């Protein structure tokens, strides 16, 4: 069990891979979540489009905005 | 316009305030998002329960997990 | 209004774009601030040299050093 | 020498200490920088008001905003 | 499987709990690792001294220093 | 003296450089630590394989996992 408090599960809708980092876009109930992770993690987790994936975020990395 | 790529709008369902930091819990379409921000930001934004608030996360702070 | 506590406004003096990420250098009253953001944010915000831009940092991401 | 790219030196103008974390406010040429660090770091660095201190931020933790 | 690249397993040697956050100190082969997480995560994971725990860090949150 | 609480010293065992970012892998007593920093920091610190380097992590960026 991981201490990170935020988890959002969805489907990979886009994957863009660079030399060192990669950008993974996940559709979570119609909302788009974008993660920048290492290219090596993309390979380790065998990430590809249409795969189910959970975005995980530590609570101290979440800001809030009021309108 | 802010560069941070992730925004999730919902309603504040819990607010817990400490000496320096505070924990804000937002319900986003049934998913719970938790943010740890400063107590002073809670005062500046006049955050209170039932208020609409948007969680904002930079893409480099998002990890992914496969099951 | 965003909860992030730190904002520093200046002029873009250098922009270096990679496959996934980009490095934006901002001159703030003679101090240099460097941000690594996604290439897509550079496109979304139409960032280019000599443009005015504000660096934004969450307080939990600031360390301090004494000499 | 540290890899973190951003350093801003100023004077501590406010120090607020909680149980676990503390908030340090630094005046950098008229701009206010706020850091949330551990209470133990405040003790280790013997931080107090009017002391000179440098704020340090990793480039991946800097966002940008256009107006 | 989580994308975060860094994991260090050790024994909890100190636990300090505040209103919102908590500081967990882990001994990893004689090196001390300190984590600031939410108090609620301490409760969820039932963290207590002498327990085995793994510190997890995203690669983009690691800086390096040369001497 | 820097407020960041975690330091782990080891030897660079792999260096992979992209357009904007670079991945530095450090062997710390048999454990592998991976850092993603800017390419420019790799140049500033003259990082190369077999060099001694210290990984530095702010406590708020450390999560924990129980098994």
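Assorted remarks:
Letters A, B, C, D, E and F mark the chains in the order given here, with residues in each chain numbered from 1 onward.
One rule holds in what follows: a contact is a pair of C-beta atoms (placed from the backbone, for glycine too) under 8 Å apart; a residue touches a chain by one contact, two chains touch by 3 or more.
Which chain is which protein? Per UniProt: A, B, C, D, E, F = Molybdate transport system regulatory protein.
Small disclaimer: the values here were computed from a predicted structure and weren't measured.
Minimum number of contact steps separating chain A from chain E: 1. Its C-alpha atoms superposed on chain D, chain C is turned by 180 degrees; the angle is given in steps of 5.
A count of contacting C-beta pairs for A-F and for E-F identifies E-F as the more extensively joined pair.
Annotation: 17 Å between the Cα-based centres of chain A and chain B.
Chain F has its Cα centroid 29 Å from the Cα centroid of chain B. Centre to centre, using the average C-alpha position, chain D and chain E are separated by 22 Å. Counting partner chains per residue, chain B has residues 1-5, 18-19, 21, 23, 34-38, 40-41, 45, 56, 58-61, 63-66 touching two or more of them.
Residues of chain C that touch chain D in their complex: 4-8, 23-24, 26, 28-29, 31-37, 41, 45-47, 51-67. Those residues of chain A that touch chain F in the complex are listed here as 1-4, 18-21, 38, 40, 58, 60.
Chain A contributes residues 16-19, 21-23, 34, 36, 60-61, 63-66 to its touches with chain C in the complex. Taken in their complex, chain B has these residues touching chain C: 1-3, 5, 35-38, 40-41, 44-45, 56, 58-60.
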